[in-house]
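Below is one structure. I have some questions about it.
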């Protein structure tokens, strides 16, 4: 197994980290699953995430993909790191279902010394058809990750 | 002048439309400038837009670009239309300055029968270096725009 | 099964179509696999696809993703259609291995009335680590596809 | 003027570099204009760049944006560097005009220590309406650029 393939944080450590660092939004998110190079994040949909008509807004879906990717990277490189988003390309494909949570399934495709790349597939809870897909790049401060 | 080059809405009509359709967020935004195929939108930065450290969050910058593009399209095709975002690719380049608004300068590059394409350059108020850039595609419901 | 979930073309029909419509490049590509909403396309790497150093060039990888998505869409909507690429976002993650083909695994995530959205994972033949990933949007001329 | 705002290479130095490093394609491209943080690159359209119907192919437009960005970065950081494309998001907006060259106008928006970000507007020679737009990110090997 390659060095970067081992998780450095547990689900509860990630959840605590999120509550401490992002107190304004951490209640919105739940980590449903966590594994090496992958993570599923749930947005507990509330009034403020909705557009008129009752569907989850684009910025809320963007935030879900962005926070999910951030946590997936952190889980692999540890909490002392300061990864920052440098690019996100997101396709909105279908209206989210009304009245249910949305879930992002994230996979890391590259965890390099300076860049991490991954993508997210977002679906409404209990439905298969993807609502959105996103690809994200994070920049990692030097000296935090050994493997390329 | 091509048919699509004429504004169909004034700045105050757009502002009223935004207040009616997006009451939760319309107070956050001010249209600084409006012209054919271009619009400048200001995010009046508040506590809820900030990440720890005092910089504007990624989702807030995404929302600024997205709302700005939406308004720029609407200004050209009229308020009865139902344009929806289909893609956004955003690059985060620099930390926004603390304590000032951020402004997105949007330009429409294509206003087709089914798709509108544009981009946004986002900067901190009073500073030149771009904080972020985004390109956005909107899908336009059939029968709303005549020109190609 | 939804209407759009059935293949309208076989692998050999797609190959013949490619030879007829793209005679300059069709010898470069082989369809390795084909299924509903998915297709694997191989680039038979030749001198002209290489950059100095012997790795496959960015434009060659872009063409592989683009042609693969085009064929995956055509397989579902039939050869009379005239789908055109409207967006491609591609991440280059690792150098391709020297001396081997590259393969793109494509999946369609949405096949709508006017837009098709999919993504591609590109790897060197015999290696697992992804070389590149791409997401692509195709515009479909009206009246060609029934399902949304 | 900031340190990174000075050109380190002239137009003829860039042209020579391109001829030496990319002998297969360098005849296709001409640098029309060069300035600090900006460059215009012309693709001399030939048979092999065309799709059926006589319009320039997507991969040829992608290559134009990619080579243009590469040269724009090199002009600022010098020829010893080894910048590599990490992301390109490209929107195809209109068919290129038949029988004329296409030109990409590139601007660098960020020239950082590890990443350079820019965008390209591509048009048919003698026409104003943009054919395509692209945003590109290049990774820069460490120790090559001082300014952030």
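Per-chain numbering from 1; labels A, B, C and D assigned in written order.
Note that contacts are C-beta pairs under 8 Å (C-beta built on N, C-alpha and C of every residue); 3 or more make two chains touch, one makes a residue touch a chain.
The structure displayed is predicted, hence computed values, not measured ones.
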Overlap of the subunit A and subunit B neighbour lists contains C, D
Among the chains, which is located farthest from subunit C on the basis of C-alpha centroids?
B
Distance from the mean Cα position of subunit C to that of subunit B, given in whole angstrom:
33
Whole-Å gap between the CA centroids of subunit C and subunit D
25
Computed distance of Cα centres, subunit D from subunit B, in Å:
27
What are the residues of subunit D that contact at least two other chains?
86-87, 89, 91, 93, 137
Taking the touch rule as given, give the residues of subunit A at its contact with subunit B in the complex, in rising order.
21-22, 24, 48, 51-52, 57-60, 62-63, 66, 84-93
Which stretch or stretches of subunit B touch subunit D in the complex?
89, 91, 93-94, 109-110, 112, 117, 119, 121, 130, 133, 135, 137
Subunit A-facing residues of subunit D, complex:
86-87, 89, 114-115, 137, 139
